[in-house]
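Multiple structures follow.
Each of the two complexes below includes subunit A, the first together with subunit B, the second together with subunit C.
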Partner chain A sequence: MRSRKVFSAMMAGVGLAGLMLMAPITGAAAQEGKVGGTLKLLANAAAGTIDPHINYTLQYFQINYILYDGLVTFRKTGDKTGFEVVADLAESLPKPEDGGKKYVFKLRKGIKFADGSDLTTADVVASFQRMFKISGPTTGTLYNGIVGADKCLKTPATCTLEGGVVADEAASTVTFNLVTPDPDFLQKISIPHAAILPTQAPLKDSGTVPIPGTGPYMIASYDPNSLLKMVRNPHFKEWSKEAQPAGYPDEIDYGFGLTDEAAVTAVENGQADWMFDPPPADRLAELGTKYAKQVSVHPLTAMWYAPMNTNLAPFNDIRVRQAVNYAIDRAAIVKLFGGSNLAQPSCQILPPNFPSYAPYCPFSANPGEKWSAPDLEKAKALIAASGTAGQEVTIITEDTEVSKSIGVYLQDVLNGLGYKTSVKPISQNIQFTYIQNTNNKVQISISQWFQDYPAPSDFLQVLFSCASFTPGSDASVNISGFCDKSIDQKMSEAQTGMIADPAKGAQLWTAVDKAVTDAAPVAVLFTPKRVDLISPRLKNFVFSPQFYWIMSQSWVE
Partner chain B sequence: MLTALLSRLGQMVLVMFGISVVAFLIFFATPGADPSARIAGRNASQETLVQVRHDFGLDRPLPVQYALMMERLFISRDLTSFVNRGQRVVPTVLEAIPITLSLVLGAAVLWLLGGLIVGVIAGATRGTWLDRTLMILSLIGVSIPVFWLGEVANLVTQSRWHDSWLFSWVPPLGYIPFTEDPWGWFKALVIPWFTLATLYIGLYGRVLRASIIETMQEDFIRTARAKGIGERRVLMHHGLRTSLVAFVTMFGLDFGALVGGGALLTEVVFGLQGVGKLTYGALQTLDLPMILATVIYASFFVVMANFIVDVAFVFIDPRVRDAH
Partner chain C sequence: MSDQAQSDPRRSDAQSSAAVAFPADLKFIPIMDNTSGGQALVRSRRGAEGPWRTAWRKLKADRAAIIAFGVLVLITAACLAAPLYARHVARTDPFATNLNGEIVINGETRQVLEPSTEGLGLGFTPLGPTWDFGPYMLGADNQGRDVAARLLYGGRNSLLIAGAAAAICLGLATLLGVVSGFFGGLVDTLLSRILDVLWAFPIFLLAISLSIVLITQSITIGPIEIRSGSLWLPTFIIGIVYVPYVARPIRGHVLSLMQAEFVTAAIGIGASPWRILLYDILPNVITRVIVFVPLILALNMMTESSLSFLSIGVQPPDASWGTIIQDGQGLLYSRPIVALGPGLAIVICVLALNILGDGVRDALDPKSSIRVA
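And then the complex of A and B:
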């Protein structure tokens, strides 16, 4: 996914001087938490509908993980194990049957929704039907492998998923049948889009009206213009600490409307406990020195990259794309983003700490595992061989400071390679869909990708498979229009390999990562980090690699 | 009077129609404005995209879409936002009005008083050091961008000296409803009031001064003086009253524009969720229903303000009254 707003205000030359020395703020395990009080959170703006089956933003994914549960979920811990799938509403993690095409979940007993009704197998079936009936954003991409999903996608109103999701009320089990084996299935149903909602949940986008969930908190009120208020779910009883631990605060207030600047000040003053948006660049120095104890920095499994249109000149020539990769000084771009404390140079598609990641950088002065310096001579030689110098190139960036400054830097690089380059910034709300549509004839752009679930397919298959390229559509996330039949074949093999032998499958994915990186449909620039600023009274800041700060696990003093 | 009112109403409907059509067309003429893919979500499949486009009526001809949107805005009043889906735009705008009104009314009191005082004193002491000082201060007030002034006010009151005795009373940024806590309402708004009023005090002071100086050279002033009326009475009763025409015209237009959302920057800087803030947010996210609602609302206030100014003239300026 893409976060709603990505480090938009970070600017050139400002570093978090003091932050490097800091250890991440995590509470000692033995520390006893304080129950009660109100957590006060801030964000620039609300992030849209609160329907968990529809909302596709980082901002609300984060709260949906504590408001709702799936059959399975990601472990709520602050270390690497936060990427692991654990049983949630299901009693245990099911073993894949029938060669990975069948999963049987047994529901836990005694779980109630926030409205007091009991969780039943019928709710599970209804929830999966609902996803399709309301045209959930990921139904066609993540859940299309369920038997019957193709019919549901064609005619959502009459969706039954017959044969795909089968309940056995007496045994309290739900069986999922897949068309083809999918090693990522459990991860895909761990995200909030597969949350289990009551059968009577409305069959349309619920918008600003909350739907009862099973988590420790529930939404009491929601006004996108001012406040989202969460209170304790009176029917919640902890059933699994690793899946859905009970929360400390009694209430969580999420206020909207303050600018980044004002939000930083409010947290510094203790008027609020945390802000969603990254702090603006001009405040980083102050945060790194005076408020260093209240700041924590975590690497993200994400990338900033420059997609190049493999179907348009000059980037339809692999030599040109490789030349751009060789010519980019990634250290300079990291500086533009805020320095080495906020980002790490990268050349490959998969981010560090990600499954199947093996350090790889062919586009460096010393090709190997890590990027060291640009290789301009090689780049110029490749351009000369391609004979494309002198052509016109337009770079499409977002209208944020950092995206524009990276665009201008890239302009220098391309001009240096002999092109006539211009930069065109577009509102960050439009740019992402604009650069996807081939009708707009975008040659090169600046974009970001954040993981949805920790599987290599979420980067490689989603962004670079032939299936995710649809000419003339605003929803064609393969922005480069990259379609290589042999690499597609390798991806399917890796995916099948994951089921038979996960270790071998992972190796196949590593090979795919190298193959895509070598084909250079994009220039990966860097891996960003996230800066969290918290109030002094907030304790036990636990950062999940999957959905960032776990709000329910912090308390206020 | 009735004909005037009716013709004004007619004008208002025309202006609002024109503006809404222009806003609507600009939206659809913007490259990449099609909201379907943003509504459908990242990485949506083509089936989902088609479904969403159909659900939101975006696959229909533009005039039909326009008519449907206006119907949902004015008749069924259930038009919802493209961005915060489910958020009904009409109640949202209505709920934002008290915040904008609180801000603009308070600031208006300040700038009317301030403008009057500055204008009258400077006009009466024309050419002296007092006049010059006031005019320089006014010029500074006019020149300071309101968002900068607001940010500096925030820097001083919320950050640098927040913990000192001077500003420890300042509540966190945001609006506190009058009905909930009148004193809190006042404390939360007093700094935004001064920030917003600064520009207008300077502007109105300068305009009033010029107008007074001009009026004081008119024949009827000479007549008044010749009748033996005291200088103070001549200034306040004859000079000031006539000079107020320009003042009131400006006030009507400015007030209308500000209530209509023109106080946008002040609202954004101080985190006040008024109409201006709504407009700002809607423009940033290209939220067409919200843009239409706020734009139509703003044009309504601007036209209304014009009308009220016209009526007010009748009472202030004897020449207008006698002409009727």
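And then the complex of A and C:
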């Protein structure tokens, strides 16, 4: 997912000891906290609909994790176990049956929605049907392996998922049948898009009208122009501390409309407790010195990258795409993001500390494991061989400061390679969908990808498989339009291998990572870190690699 | 002077016969009069200044307008010298990023983008102003580019767009206003309604809408193609949106001129419509158009800056004062000069243009109270 548009979860089973190295306020040990008070959050703007089955933004994923529950979820802790899947509304984690094609979940008893109605197996079935009926953004990529999903994708209005999601009310169980074994299935249903909602939830985007959930908080009011107010869910009783712990603050107010600069000042002064948006670049030095105790920096399993349209000139020539990769000075781009303490240059698709990650950088002056410097001579030789110099190229960026800056830098690089390049910044509210749609004929763009769930398929299969490329659609996250049948086959083998032999499957994913990197459908730029600025009165800031800040676990003094 | 007095009586059939607006102190003396009074009058008439000379004299007497004009000339000259400044003083390409650049200041080598080395070591700060007449006199922006050089190049584009758009606007507006007012009838009705439709849109909303639609694609008007990213695109858009604001007053002025006695007289003696248009109407309209020039220039400059600030005007790598303000927006805390420099330049130019505009109006059209938008 993308930062504002699409959140990504963080990886599982990886060594994340280094994550907290720069976190003076992070990972505080569990302690008795102060219950009550109001947590005041700020964001530049609201993130659109609050429908948990539709919203695909980090901003609202973060709150949906405390408003809603799925059958399973990621453990809500601030260490590496935060990537582990634990039972949530289900009593326990099911063991895969039928060779990994069947999962049976038994529901916990006594759980109620915020409107007081009981959670039943019918709600589970209805929720998964609803995801398809409202054409949820990940139904075609994450949940298309459920039996009956293909019909639902073709005719959403009549979706039943017959044979795919089967309830047994008497036994209080729900059975999921998959077309093929999917080692990532539990992780995929741990994200808010698989939240369980009441059967009565509207079969359309709920927009600004909240849908009752089962989490410790519920939305009391939502005005995208000013405020999203969350209060305690009166029907919530803690059933699993690791899945959905009770929250400390009585109320969480999410205000919208302040500029980033104003938000920084508000948090510095204690007028607000946290801001969602990254602090503006010209305040970083001030924050890193004067307000260092209020700052937390964490590596993310994410990437900033430049997707190149493999179906449009000049990037339909692999030599051109590789040349761009060779020519980019990633260290310079890191400066635009705030420096080496906030980002690390990268060439490959999988981010560091991610499953199947093995350092690899072929596009460097000294090809090997790490990027060292650009190789302009090689880049120019490739362009000369391609015979594409002189063509016009347009770079589409977001209208944010960092994205635009990177776009301007990339323009300089492409001009240096002989192209006539222009930069078009587009509102960040629409840029992500705009660059996905082939009708817009986007040649190259600047984008970001943050993990949804901690598995290599979330980067490699979601972003670069043939199935992820849907021409003419706003929901075609394979922005490059990259489709290589042989690499697709390797992805399938890797996915199957993860079930039969996880170690071998992981190796296969490593090979896929290298193959996609070599084909250069994108130019990976760097791996970012997240900067959180909090108020002096906010305590117990817990940063989960999956959820980022777990806001329910902080309190205010 | 009055509008009517500006028409040249020697050229007008009407005025030569009937419609001359004589000065009150003019005495009628027989031409063959050899008296001292008569000789004095002949000398006086030979030395009498024309309307343009009178206007120029009045303008020269307006010290504020002259100072404003001088300021504008200085700024324009400085902006025109941008390539010289970049090559010989700044010694840098103001359009190329310089993220890894270094510079020696007082014997000390410094990075153009200086990393924070204290505390958590977050962020980079562009080099601040050196205040020396040399590289990075006003510091660097977040791409490591010389702000002073970009300021001059940006000024060139801002002034060029403002000027060219003013020419388009005034040319079109004069044509439409005169045709509409002079011919009247169906032509007037049709043109007036078109202008009304344009007038109905708030200027900035119209300009923004046009820019958003057109900025990513080329426009082809007959043999003329304006390519995406071209400076002519914002020029064309800005030139169009102010047309109604000039055309309508001009139309009204033409309508009032059509009622003037010298026009009635010209019609009475059988002058052709084209002759009346060329010799009686246009000379009186031109003065009013000239009064509009500085005002429209100022408005164009502000509109261009606004559009460029919103990323829908001048496109990178080109710069204008609006784009530089946008670049500086993210540096307001650490390097405010990046945004303040072009902001100040716009304020000075617009102020100077308005002062000059007042002076020109007082000199050419003192009865007018022209205000645009």
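To be clear about the criterion, the second predicted complex is superposed on the first by the 528 of 557 C-alpha atoms of A that agree within 3 Å, B and C clash if a C-alpha of one lies under 4 Å from a C-alpha of the other, contacts with A are read in each partner's own complex, and residues count from 1 in each chain.
The rule is short, and it goes like this: a residue touches a chain if its C-beta (ideal position, glycine included) is under 8 Å from a C-beta of that chain, and two chains touch if they have at least 3 such contacts.
Everything quoted here is computed from the prediction, not taken from an experiment.
Once the two structures are overlaid, the count of subunit A residues touched is higher for B than for its counterpart among subunit B and subunit C.
By the touch criterion defined above, A:429 reaches subunit B but does not reach subunit C. In the superposed model, A:411 lies in contact with subunit C only, and not with subunit B. By the touch criterion stated above, A:54 is placed in contact with subunit B alone, subunit C being left untouched. Contacts of A:138 after superposition: subunit B is touched, whereas subunit C is not reached.
With both structures placed on the common chain, the touch criterion links A:342 to subunit C but leaves subunit B unconnected. By the touch criterion defined above, A:280 lies against subunit C but remains apart from subunit B after alignment on the C-alpha atoms of chain A. Using the contact criterion defined above for the overlaid structures, shared-chain residue A:261 touches subunit B and also reaches subunit C. When the two structures are aligned on the shared chain, A:100 is found in touch with neither subunit B nor subunit C.
By the touch criterion stated above, A:288 is placed in contact with subunit C alone, subunit B being left untouched. Residues 261 of subunit A lie at the contact with subunit B in one complex and at the contact with subunit C in the other.
Taken together, the subunit C residues at the contact with subunit A in this complex read 96-97, 99-100, 113, 115-116, 118-125, 142-143, 215-216, 228-229, 311, 315-317, 329-335.
On subunit A, the positions that touch subunit C within their shared complex are 22, 261, 280-290, 292, 295, 297, 329, 331-332, 335-336, 338-339, 341-342, 394, 399, 401, 404-405, 407-409, 411-412, 415, 422-425, 531. The touching residues of subunit A, when paired with subunit B in their complex, are 1-2, 45-46, 48-49, 51, 54, 56, 135-141, 144, 153-154, 156, 205-209, 224-226, 255-259, 261-262, 265-266, 268-269, 271-272, 426-427, 429-434, 436-437, 440, 462, 468, 470, 473-475, 477.
Residues of subunit B touching subunit A in their complex: 30-34, 36-38, 40-49, 51-52, 55, 80-81, 83-87, 92, 95-96, 151, 154, 158-159, 162, 172-174, 268-273, 277-278, 281, 284-286.
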